[in-house]
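Here the structure is laid out as structure tokens; the discussion comes afterwards.
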Amino acid sequence: MVAMEMLSPASCVLIALGAPLLGALFNGLSGDRGARLAGRLGLLAMVGCAIGSVPLCVRGLLGETAAEELYVWGVIGDLKLTIGLEVDPLSAILLAGWVVVGLTVHLWLLGVEGDRVSPRSAAAFNLVTVAVVLALIGDGYGSLAIGWGLLGLCSHALLDGSGRTEAVSGARKLWVIDRLGDMALLLGIMLLLAQVGSLEYAAGRAADIPERLAVWSGLLLLVAAAVKGGQIPFHYWWASAVGAPAVANALVHATAMGMLAILLLARSPALFAPGSIPGQLAVAIGGLSGFMGIAMALGARDVQRGLGHATTSQLGLVFVAIGLGAREAGVFLLLSHTFFKVLLLLCVGRIFPEPGREGEAKGLRRRLPVSSWALLVGALAMGGMPPLAGFWGYAAVLASIYRIAGDLFVWTAGCALLLPTAFFGARLGLIIFKEGEGESEAGRGERESPLLILAFLGLGLLTVAGGAMEYFRGEGVVASLLAPSQAALPSLALVAVPGAVVLVGMGLAWAANRSGKKEADERENRLRHLLDEGFYVEEFGERFIGRPLGSIARWLRDVVDVLLIDLLCIGGLALTLRGAGWLLARTQSGKVWSCALAVALGTAVILLLLTHLS
Amino acid sequence: MPLWPYLALSGLLFTLGLVGLLIRRNAVGAVMAFGLMINASLLNLAAFTRQHGDGRGEAVAFLVLLVAAAEMVVGLILAIALFRNQKTADLDELDRLKW
Amino acid sequence: MEYGEELFIGVGKAVVLPVAIMGIGVPLLALAERRIGARMQGRLGPRAAGPFGLFQPLADGLKLLSKGAPVFSGTDRLAYVLAPLVGVLSALAVFAAIPFAGTFTWMGHSIRGQIADPGVIYVLAAAGLGVYAPLLAGWGSGDRLALIGGLSGTVRQISFLLCMGLALLGVCLLHGSTQLGEIVLGQASTFGPLPGWNIWVQPLGFVLFLVGTMAWSGASPFDFDRADGELMGGYRRRYSGIFLAFLGASRYARQIAGAALVVTVYGGGETLPWRTGEAAMDGWTALVEGMAFAVKTGLVLCFFIWVRWSLPRLRYDQAMRLVWRVLIPLGLLNTVGTGLVAHLMN
Amino acid sequence: MEIAIFVLLACVCALTGILTVVCRKPMHSSLYLAANSLSVGLLCILLSAPFLALAQIFVCVAGIALLSAVVVVVLNLEDEPRKGTFRTLSGGATGCIVLGALGYFLWHWWGASREPAPDVGTPFGELVFGEFLLPVELTAFLLLVALLGSVLLTRREGEKRTASAGRSGL
């Protein structure tokens, strides 16, 4: 009986949210005393969260939606603001993914840094878990918004916590951009709230929102998702996010933010219906950031920055999928992307603890055999090597795009995108792998901690076996193999072509690697610089938006503040008051007769009033 | 004999007393003006007593007279004490209450 | 006018009485005072002007009238002129309330020997007006000594007026009325072998009233405000001519008024001794009653003069202490005592 | 007849009122005050309130006005200087305003002149010591306090010595 009670959604949520929250509080508030325990406590909290969310995921994956109202936090007139629970298959899958990622990251953290984990970052990690779980299981935009904001806070904390100067300035920039996203999100939600009258997704779906309002709220939410997902106009925050330790990037920036962005889009299908303007805009942004992202990744100087821009491009692909209505495929690609991206980032974190120093990868294979192998697997998965999860993700998206949209042009563009992605993945793997051969005296004593191995094994398994999930999900690419597809292209082609493209990409990478490894790096030409700087979007924004606003602000300061307010209002007020004071002082002459005068006039007025009022 | 002439006269007297209070410079003058106002009020009271025909008005007027007398006596005594203390009875020079 | 004859009679009385007093009473008193004083000092006194010196006051009056009234600098004209007038008027005003003759009927009208009967409070009020005279005289003449005399004169009159008032209270309590007519009527009875005068009923009251009137009218030992030695005549210093005459006349008029009051309130008024009850009388008996009233007043005046020439003059603070610490408390005591007795009796 | 007397007294009253206020010499203004009180007293007689009239004369004329005259004498106040025109103007103006307001007030309430009610004429003594006994007692107490106050206030520092010194006298 108790078990049943334990399984009830409300108590599960309580545990799933409570554990990380408690962890965060303990780590955050314990200060130095709890420094040694920080890592273990973080892991413990994550395990608690896992325990709480497993029943929810199982229930969700079985296709059953658990919806329940947990807490009413505000009643304004007939508007009821509640935090509720809604776990449907979509959030269940994402929750499962998140739990796995969370566990692996905490294991990695414990394994690599052991006792040196700063309580601050451990607290931040737990808080991220709270944010994501809250957003995922929430039944409405309210909890999503809370998660959204909390995530921004954690990312700033992690960046700021690292202590490195450029990380701190990056943190501030990230914070500002994040706030922009939040503002857009809130405005969109408010618009919806005003129209629909409730924050729940269900109400959002049910209500027939007038077309004009739907467009506006859709655009606002798209902007929010674009910011959070690092899409094109707002992708430059990756440059500042790089300052954070790799593990933070892995957990927060790559997965959590992406997940929330996609969740937002997935949760409001009415706004991003395939035909609607926001939907088409999502596809455009997705495609654009897909191609530009991968280009920037190729040109990136630093491994982490490359991975960041790669994330942008993969998320772009997901945006395209959702924009065209292929929600399930998009989510699947997001999941698989999460697995290999975290694996990659963790390995990079392990190999280059200090971001930006790529050189000392020599003698890697002997020193860190497991992480180097894991890195290779992750890179290939990202490249889209056929048996790995990456390939299945890309194939699923492309297949469903073709099947739903039936638009050959988009399908071919998608396949074209796979080429550079494959090239980038392969090059990354080869560089790290080949350089690792030599001897290197540094890091001799290091040995792989068992926890680290465990984490890599888990992720590696998933990246490899991710494809099986595709099959498990039913109408995935594999399933489509079996069932004859009525589309023009045979289903076999849907799978074969992407695979071929990937192999070609990888071959090119191999060739480039073998032939002129040297001259490939030295070409510090303008193109590389352009790509690295992220197409100078930031500078563009600075010149055409930042500077004019600055001059307007200065004008306001000089003219309005100084002249208008200081001189006229305050000065004027002071003058009038002093004048009034002087005038009044004259009446207070202290002489008896002036007081008597006042009394007399008072009586006269009273008499008049008495007669008048009666 | 209608009532309003009496009221008019007492009104005039009262105002004269008030003006005296405002204009007079020294304390004794002010007290005298105050005496005028008392006379006016008594006249008014007597007039209304006559109008209502009720003897009680006269008794009240008598008491008012007594109290007013006491008041004026104290006023005058204060004037003396003031003069002795400040060496002047001129009210304008007593402006220590000046704000 | 509907009053017609009543008015005529009233005005007649109102004119006859003051003229009689000013014409006969004051000169007679002046002469008497000088003659009796002289006799008491073993000298003859003025006998030259007319038989027994009867015209002496007339001579003095004419002398004063013939003198000019020089105007001194620094005098306050209004006060200077007002003082004698107020003094005389207030003294004469007191007589309006005093019944000086019996009631007799003449041509169908019963004429009372009294102008009007407003009562004791009117007497006090009228006397109160006279209090201004010394102050105004002192202030008006602009002379320091006169000022001191004037001030002390005013204070004396107020204090003793208060003392008289309290004494009268006892009598009013007994007779249940403040009107002098009632009081006189109340005395028209016998008190064992003696006439039913208030003097036997209210001995303390009588003494207080007597001393009060003596002091109030400025006679006898209480005339410190015009003491020749210190103040050289007090506020009369700067007066001469007709004003001086009026000042003197006002003093004598006040003495006559005081004596008349004493007689009316305590001496049975105009009633012949041992007369009881309201007596219907014709003109002659009324005249006799008038003569009786005059004789009684004369006796009291002689007493005044007698005291004046025998007792030394009191100093100002002695007189004030006498009034405020002796006479007025006694007066209060007397009133309370009379009240209690009256209450117990009925 | 009665109206004639009233008009006469009213004129005297108004005139003396004005003179009291305007007069430069303090002694003269106190005299005018006395005259004013006297005329008010007489007016009270017209209003068939004899006792009030006599009390008014006795208290105001022979009491207050006289006291003010005595104080003027004691303090030897000189005449009021002729400056302070703004003050007189403002005082006068205020006076007019108050008079206007008072007139409007009285006219509004007592515009219609009604015939006076028949005079009940309850005896004054009965009222004062019957129905109004408590107020009379309180007033008596107040007068006592005023008396004591005046004695104490005008006491000079050396007063105590002279009082005892005079013990030897009567």
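Order of writing sets the chain letters: A, B, C and D. Residues in each chain are counted from 1.
The rule we apply is simple: a residue touches a chain if its C-beta (ideal position, glycine included) is under 8 Å from a C-beta of that chain, and two chains touch if they have at least 3 such contacts.
As the structure is a prediction and not an experimental result, all values here were calculated from the model.
Trainee: Stepping chain to touching chain, what's the minimum from chain C to chain D?
Mentor: The least step count works out to 1.
Trainee: Name the chain with the Cα centroid closest to the overall protein Cα centroid.
Mentor: The most central chain here turns out to be B.
Trainee: With centres defined as the mean of C-alpha atoms, identify the chain lying farthest from chain D.
Mentor: Taking each chain's C-alpha mean as its centre, the farthest from chain D is A.
Trainee: Please compute the C-alpha centroid of chain A, do the same for chain C, then give the distance between them in whole Å.
Mentor: Measuring from centre to centre gives 121 Å for this pair.
Trainee: Where the CA atoms of chain B average out and where those of chain C average out, how many Å apart are those spots?
Mentor: From the centre of chain B to the centre of chain C is 34 Å.
Trainee: What is the distance, in whole Å, between the centres of chain A and chain B, each centre taken as the mean of its C-alpha atoms?
Mentor: That pair's centroid distance is 88 Å.
Trainee: Mind checking the centre-to-centre distance between chain A and chain D? Centres are C-alpha means, answer in whole Å.
Mentor: Taking the mean C-alpha position of each chain, the two centres sit 94 Å apart.
Trainee: Two or more other chains touching the same residue: where does that happen in chain C?
Mentor: None at all.
Trainee: Find every residue in chain B that makes contact with two or more other chains and list them.
Mentor: Expected reply: 18, 22-23, 92.
Trainee: Two or more other chains touching the same residue: where does that happen in chain D?
Mentor: 51, 55, 63, 74, 87, 90-91, 94-95, 98, 102
Trainee: Would you mind giving me the full set of chain pairs in touch?
Mentor: Every pair of chains in contact is listed here: A-B, A-D, B-D, C-D.
Trainee: Which residues, counting only chain B, touch chain A once they are in their complex?
Mentor: Counting only chain B, the residues touching chain A are 18, 21-23, 30, 91-92, 94-99.
Trainee: Note which residues of chain A are touching chain B in the complex, please.
Mentor: Contact set of chain A toward chain B: 585, 588-593, 596-597, 600.
Trainee: Note which residues of chain A are touching chain D in the complex, please.
Mentor: Counting only chain A, the residues touching chain D are 593, 597, 600-601, 603-605, 607-608, 610-611, 614.
Trainee: If we count contacts the way the header does, which residues on chain D are in touch with chain C in the complex?
Mentor: Counting only chain D, the residues touching chain C are 25, 27-28, 31, 34, 38, 50-51, 54-55, 57-58, 61-63, 66, 69-70, 73-74, 166, 169-170.
Trainee: If you look only at chain B, which of its residues touch chain D in the complex?
Mentor: 1-9, 11-20, 22-26, 28-29, 31-33, 35-36, 38-39, 42-43, 46-47, 49-63, 65-67, 69-74, 76-81, 83-84, 89, 92
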